[in-house]
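Sharing a structure here in structure tokens format.
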Amino acid sequence: MEKIIETQVLVIGGGVTGTGIARDLCLRGFDVVLIEKKDLNAGASGGNHGLLHSGARYIASDPEAAVECNSEIRILKKMAGHCIQRTGGLFVAVRGDDENYIADFPGLCDRAGIPFEAVSVRDAIKLEPVLSANLIAAYQVNDASINPFKISIENMNDAVSRGARYLSFCKLESFDMEKKKIVRANVRNQVNGKAFQIQAQTYINASGAWAGYIAQMADISIPMVFSKGTLLVTSRRLARHVINRLRKATDADILVPGGVVSILGTTSLRVDHPDNIHPTVDEVDYIIDQGAQMIPMLATCRYVRAYSGVRPLVSAGGDDDRNVSRGYTLMDHERDGVDNFITITGGKLTTFRLMAEKTCDRVCEKLGVDAACQTEVIPLPATRSGEWSEPGIPHGGFKEFKASGDAILCECEMVPASAIDSIINSICKDKGTPDLSSIAVRSRVGKGPCQGAFCSVRILSHMYQTGQMSDTSGIQELKKFLNERWKGEHALLWDQAIVQSSIKEMIHCGVFGLELEK
Amino acid sequence: MNLKNNATISCDLLVIGSGIAGMVAAARAASLGLDTVLTGSSSGFFLTSGLLDFLGVYPVESSQVLESPFNGLDQLRKQNPDHPYSKIDNKTILESLDFTARILSSGGLEYSSAKNTNVNILTSAGTFKPSFLVPQTMIKGSSIGSGKKKILLADFKGLKGYSAALIAQALKRRHMDVTTVTIQVPQLTGDFNVMRMAALFEDDAFLHRTAKQIESSVQDREILGLPAVCGIHNSQDSMKKLENLTGLDCFEIPGLPPSIPGLRLKNAFETHILKNKVRVFNNVKVAFTAFENEQILFTTDGEPFRTQIAAKGVILASGRFPGRGLAAHREVIRETVFDIPVYHPQQRSLWYQLDFFSPQGHPVNRAGILTDSDFRPVDKTCQPLCENVYAAGSILAHNDWTRLKSGAGVSCVSAFCAVNHFHARKKIK
Amino acid sequence: MMFETLFYISLFLCAAGCIFQWVRFRRAGLMFKPASSDRFNPGRLYPNPVNLILSFLNTIFQIRLFAAGKIRWLFHFFVFAGFLYLVTVHAFHQVTAVVLFDYYDPTVDPFQFLRNLFGSLVVAGCILFFLRRGLRLRVNQIKSNWGSHLKYKGLVSIILVFLIVGTGFLLEASKIISEPVFMEMVEDYSDLEEGDELEELKLFWQEKAFVSFDPTVPADPEKLKNGQVLNEVYCISCHSDIRSSFVSCLLADLMSFYGTVLNQTRVDVMLYRVHYGLCLALIVFLPFSRLNHIFLIPLSIAVKNQAPKTHHQKTAQVFGASLFACTNCGYCSQVCSVYPHFQITGNPDVLPHSKIETLKKIADKHPDVSLWGLQKGNNACTQCNKCTQICPSGIDLQTLWAVTHRIFSDNALVNNQTFFNRILPEAWADLETEPRMLIARQELVSDLIEKTDAFENCIQCTICTNVCPVVEYDSKDNDYTPQQVMNLLRLDQKHLASGTRMVWTCLTCYACQDICPQKIPVTDIILELRHLGGVRADAVKLQQTVKKRVEIS
Amino acid sequence: MKLAYFPGCKISFYLKAYGDSFESVMKHLGIDLVRLEFNCCGYPARGEHFEISVFSAIKNLAVAHKNKLDIITPCKCCFGQFKHAVFWYYKHKNLKTKIDDLLDQENLSWDGSTQIHHLLSFLYHEIGLDTLEKRSVKKFSGKKIAVQYGCHALRPFSVTRFDHPYAPTIFEDLVRVTGMVPVEWPKSTECCGNPILEGHKALSLTILENKFKSASLAGAEYICTACTHCQMQYEMTDYESDIDTHGVKPVLFTRILDAAFGGKTVF
């Protein structure tokens, strides 16, 4: 007999939109279940800059999105301030950039109501000494950086604390349809392979790039376009501000500070399928060469990781994916003959709250519930479980925690054993299975220059030693984790990075012989 | 080694690199009566396991673990004529490994092998690694491979990156009879380091206390596995004492760096070569300046105490990327001392496989320096670059040692042979 | 009568001055008394008689000064020896010469000659002094824009001495040429009336002893002969040949050109008053002038020799008055081992003679003291003992610096190592104020923490931590390990790194640096972090000193 | 042979015995020690103020250079500091310019030619073991002694070029000349603890105690030093009575040598 879970709303997809919707619905008093086939932010939510746009980037191509961004960034700064770093942003142009665009910029900003400030070239270089000497124009705007993992974790935590249920590693397999309605969702737990069913009044498809596949299960076709974007993470933070290239939005023109690193991106490459994407050497080289025009240091600095995300876009025809609106797409599938099914896809990290709000409004409408959105007024509470996803800023009281016998397990990002324990606890509380990957989502483990060479073994040993893991899957776990890291590493290996990856290989292949393990 | 400002020293042989290859080369040169200078940093030993592999896996594509390295050697030579082993006969290989074991013994560290067969050593990841020359403190562990022994695994509370439970679970997968015990170390609290742990093993009181803690877990156990931290300077004695105290056979399990067995190896090599009057420039980088009158001239860094070194021959044992013998740039891989052309996959996209644990290994790991049959680096026309420049160790091309499990073997053998060749050539003159 | 009254008044003032100074010295002494927690209490410091005698001999012959600087010794010796004679034999002749020598009279030889001789020694010494000052021959040529207050100290005293001796000579000369004095003498010591005989005596004194008569006595060899006879009858018993007072004689010769005018105005009486007044002024001024070193030096030397033998015991107490024995000669600063420190920073309080001056100010609760500068300067001291060895005043400077150091520590004005020992690195990193000092101090540094390639290659292998003796022995209290400090730099947390205990406990044994497989200059980076933290801490402490100043003094 | 004698700051007050025995040894060897007007080597300012530490050292070298003499010092820290300063002097071009200017004001200059000797390296390389052997009239056969290398001379090797930074041998060889038997003890190249004596006294003394313990375990009767700071640290036992020396006595190498040469030192 298969288990059946009953709920009001089922949210499919644990990205920033999905978790945002879950929280919004909970605040409106709904009973919510969220399923995710992997773990939080496994898709585009985890594969982006972590940039909150001021909107200035879209003033020419998409003025509407620009206005949205401008209002959302204000709300988020107020409501989720602890996930946001108020870095400020710069738009800079270098010799050779389109002068007409530079000239139009102030006017377009004014029209969209986006605050900006012209900065002299000398002042800009004083603000950010890494900028190229070829600078010809600079404007200051209100960009900010956000920790996308933290915002998802916090959203989900808040939702769970308000009664929502979060089921990770649960993949939707099919819908049971009856009379223009979805009556049940068939779900399988990816870890233990057990199937179960979820019965809901409304089903929300917030699976981002996978929205087309989910809709397919309800016999609905969404013309999805997959645009792969690749980003590079430097080993240390190069600039304090978000630095945008002042030109028509194109490749590798944004450098975002993310805690102690900087993130350079991105590219736009049409791919056929959102799964199994990874950065390639050619992309990496291209990004670096482009970025170096704006910030010469990018040509020589060290990168610790590259990663790719897939932008979920709904096709409107045309070839260049950048012309496809970055605005979100909300589809009530009533028009397609399924009454209780809504798809929300597309959009941007910056507007995730707005997307959740609009989606939930539609849910209320459909279910005839009169509840207003509250994410605009109720701040997102900060919890401890999001704490260790903060990039590398060592946490206070180092001495005390050392005196208490705590050991640092991840040296690069200084994550102590106690943090790992508390992360494991919170995963267990969500009925998840703690493993290296899920710990890595919730902390900075494996994200430093060693890319898991040491911390993987240390954390695994720690879990065994403390009995938090006790089966024979240890070696497989280790291999899986390292291979996941490897995806983002192999295209960046030269200079010091190749030294460190060689040492990693020395340990895990040379000494442990893990490649021989089946 | 006190040297005056801008001094010039001359020597028969300059060994660049203080890894296994460099150490063996220096020791061999000293044993042949050559006036030898050794440069480079020996701290890379901390990153090694302390095991001296010879050839553990071949062919790599099929992950064939070799019972005896000689089983795979012929096939390797046939399929890969550029591999360093293809340039040496079996007798010389054994001779050089024997030589290595002897110099380590003279440095106070015993290594042994199991009669021309590989020894499978349990690692702290719970895997078995085929190796050849094995430190005395680990050799007993090879007996558990049969699966008949009743094993007790111990770990120390607070020792990071090592868990008896993890290894035990991996062994259980192989249907072995294994139990675990965790030893408390009151002297060490919090985040302590391996060296401290290892130093404790030289203290008899600590050994007694440890044995006492294990006592109740001994029961029917036959063999005790410990992390490889049992003493720095006198590991064999510490081990013996512990065996007497517990009544169990003991063996060490190598694991994450910093590695104590590696440190012992470093100490043993250094003791031997310093005893044999090799002049050591520790942690000093040399820059090649010129070939002149059959001598090869170098300068060390550190103005104005810069030292000129004039050598009649050079062994280039500067290692790969971690040893800074090779430097990878975005487009190209370079050799750092002479800028010898490096054999490597042309495009960077071909350097690495998508799977980190790909059995055939990453093509970039076969990159390196091509040599003639005497281990002299060759240029594009396959002519030796210089009469008396030799290359040895991991810098040699076509040797993916992490997959082949051939790291130390290639280092010992190529260094040994390169010095022999140099010596022979010098005598003829 | 009036003169005597004035004399006693000035003696009284001098005594009062001495008492005042004694109180001041005691107060300085209190500053340097041992803390109750000190393990070594040397007891009270009083000189014993033997030491006093030894140091008295040193005072007379100025042996220490002779060792330090010959020219300086020369004029000191001239002035001191000459003045000593004048004071004992001339000024207080009633209690010295008159008692000792029954034939004493100031105008007979050898006294008349010796007075001139010693007087001229003093004058010569003073001239040497002025010349040396004027020609910048002064040994202490430390270029700085500070401390002009030091330059004129001692100048007042030497001018006073010079004036006293100068007026003495002038007085003597003016008496020689004085007709009224001559007439008084004739009245008192002869029965001569107006007439030829008197005329003959006058002529003799006019020709042989420069007395200016009005009108001038006409020359006549016959009368002169008679005058000589009269002189032998009446004067010679009390007046040796006037030429043995060689200086005054010379002056009299010169003055006699204006003799008439001078005599009419009774310049001799005037000069007498000036001379006497200056002497009284000297007496009153004595406790406050530089001249008090004549007494303080022997005292401080005697106490120094008295103090306990080991340095550790010595650091318990310093004799307060020895501070004031300093004459600011500057020899100490000249040999100071950390003089290059002063050359680079320009902080005068690195140098001993400036430090003493500042300490005096602290003892006097002077409102304008840079405690910070003094603390920095005193911390730089390497305790090489050179200043103590050379100090002509024999001040126990070595101990003084040690005690000063302790005073600062006791008052929470600690050195940086201790400062960071008490601070949590996180709090330190959060310190909002980026002190202005940071910008003001343009220093050259090794620049390792700014160059990412110095530390970015760290692979977190923890080998450095494994070989670090501090990590080994300080495991309980240590916070970040060496490789974690390197990692903090990678994480752009240099201020946090500079406040870690690791950085300030580092033994600088370079074990980590030489073993690092990535050749990261770990120790050099740690040293630079110390430098960075130190500069920032100095700025913080500078703000504190304003508050502390009140408490310390 | 004439050498400029750089005693360092501490000898004259804290460790007269070292200065006296050093001079006596040099006299035996026919070395003419010249005393010049030196200042601090700059070691105490290392980490405190980079410029001062380098400038102090270079100024001393310039003074020696003016007198056309090489420098010899019995102190490891002074030796290491000289080397360290020279390293930075050449590496840091702006610093060099500034220092050259300051030297110029005092009519000094330095061209890098001055050789810097430490007592041990001088004895080993310039005098030679044979000469020392010949001069040693008295032998202390069988006495077991642990030698204490000082950190700042040993490391970083690339700067100091003293001896192998982890497996040095010259001190042992020199001690053997006097007939003493150097013991192998793991802490011979470890720090004595002196640099943090003021700031972290307890820790400094713990390190010291462990050194005594280690030497005692190796069977040594004496710990032999050739560094002012090391010796001062070991002599802390005179002031801190609760330090357990495990019966090991610290002794200055020059005192042993002086006694061996038949000098005044009674050992």
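Couple of notes before you dig in:
The chains carry the letters A, B, C and D, assigned in the order they are written, with residues numbered from 1 in each.
Assume contacts are C-beta pairs under 8 Å (C-beta built on N, C-alpha and C of every residue); 3 or more make two chains touch, one makes a residue touch a chain.
Quick caveat: nothing in here was measured; it's all calculated off a predicted structure.
Across B-C and B-D, the chain pair carrying more C-beta contacts is B-D. Subunit B and subunit C have Cα centroids lying 69 Å from one another.
Here the spacing of subunit B and subunit D, counted between their Cα centres, is 36 Å. Separation between the centroids of subunit A and subunit C, computed from CA atoms only, is 74 Å. The distance from the centre of subunit A to the centre of subunit D, with each centre set as the mean of the Cα atoms, comes to 59 Å.
Subunit C has residues 461-462, 476-477, 514-515 in contact with two or more other chains.
The multi-chain contact residues of subunit B, meaning those touching 2 or more other chains, are 47, 189-191, 257, 282-283, 285, 322. Each of residues 402-403, 408, 454, 499, 503 in subunit A touches at least two other chains.
Under the contact rule stated at the top, the pairs of chains that touch are A-B, A-C, B-C, B-D, C-D.
Contacts from subunit C toward subunit A in the complex involve residues 424-426, 452, 456-462, 476-480, 483-484, 487-488, 490-493, 496, 501, 518. On the subunit D side of its complex with subunit B, the touching residues are 83, 86-87, 90-91, 112-113, 115, 118, 121, 124-125, 156-159, 161-167, 169-170, 186. Contact residues of subunit B toward subunit C in the complex are 41, 43-44, 46-47, 188-196, 257-258, 282-283, 285, 322. Contacts from subunit B toward subunit A in the complex involve residues 47-49, 51, 56-57, 63, 65, 123-130, 155, 157-158, 160-166, 169-170, 172-173, 182, 189-191, 254-257, 320-322, 324, 327-330, 347-349, 351-359, 361-362, 364-365, 401-403, 405, 407. Those residues of subunit A whose C-beta lies close enough to touch subunit C in the complex are 235-237, 260, 301-302, 392-394, 396-399, 402-403, 408, 411-412, 414, 448-450, 454, 496, 499-500, 503.
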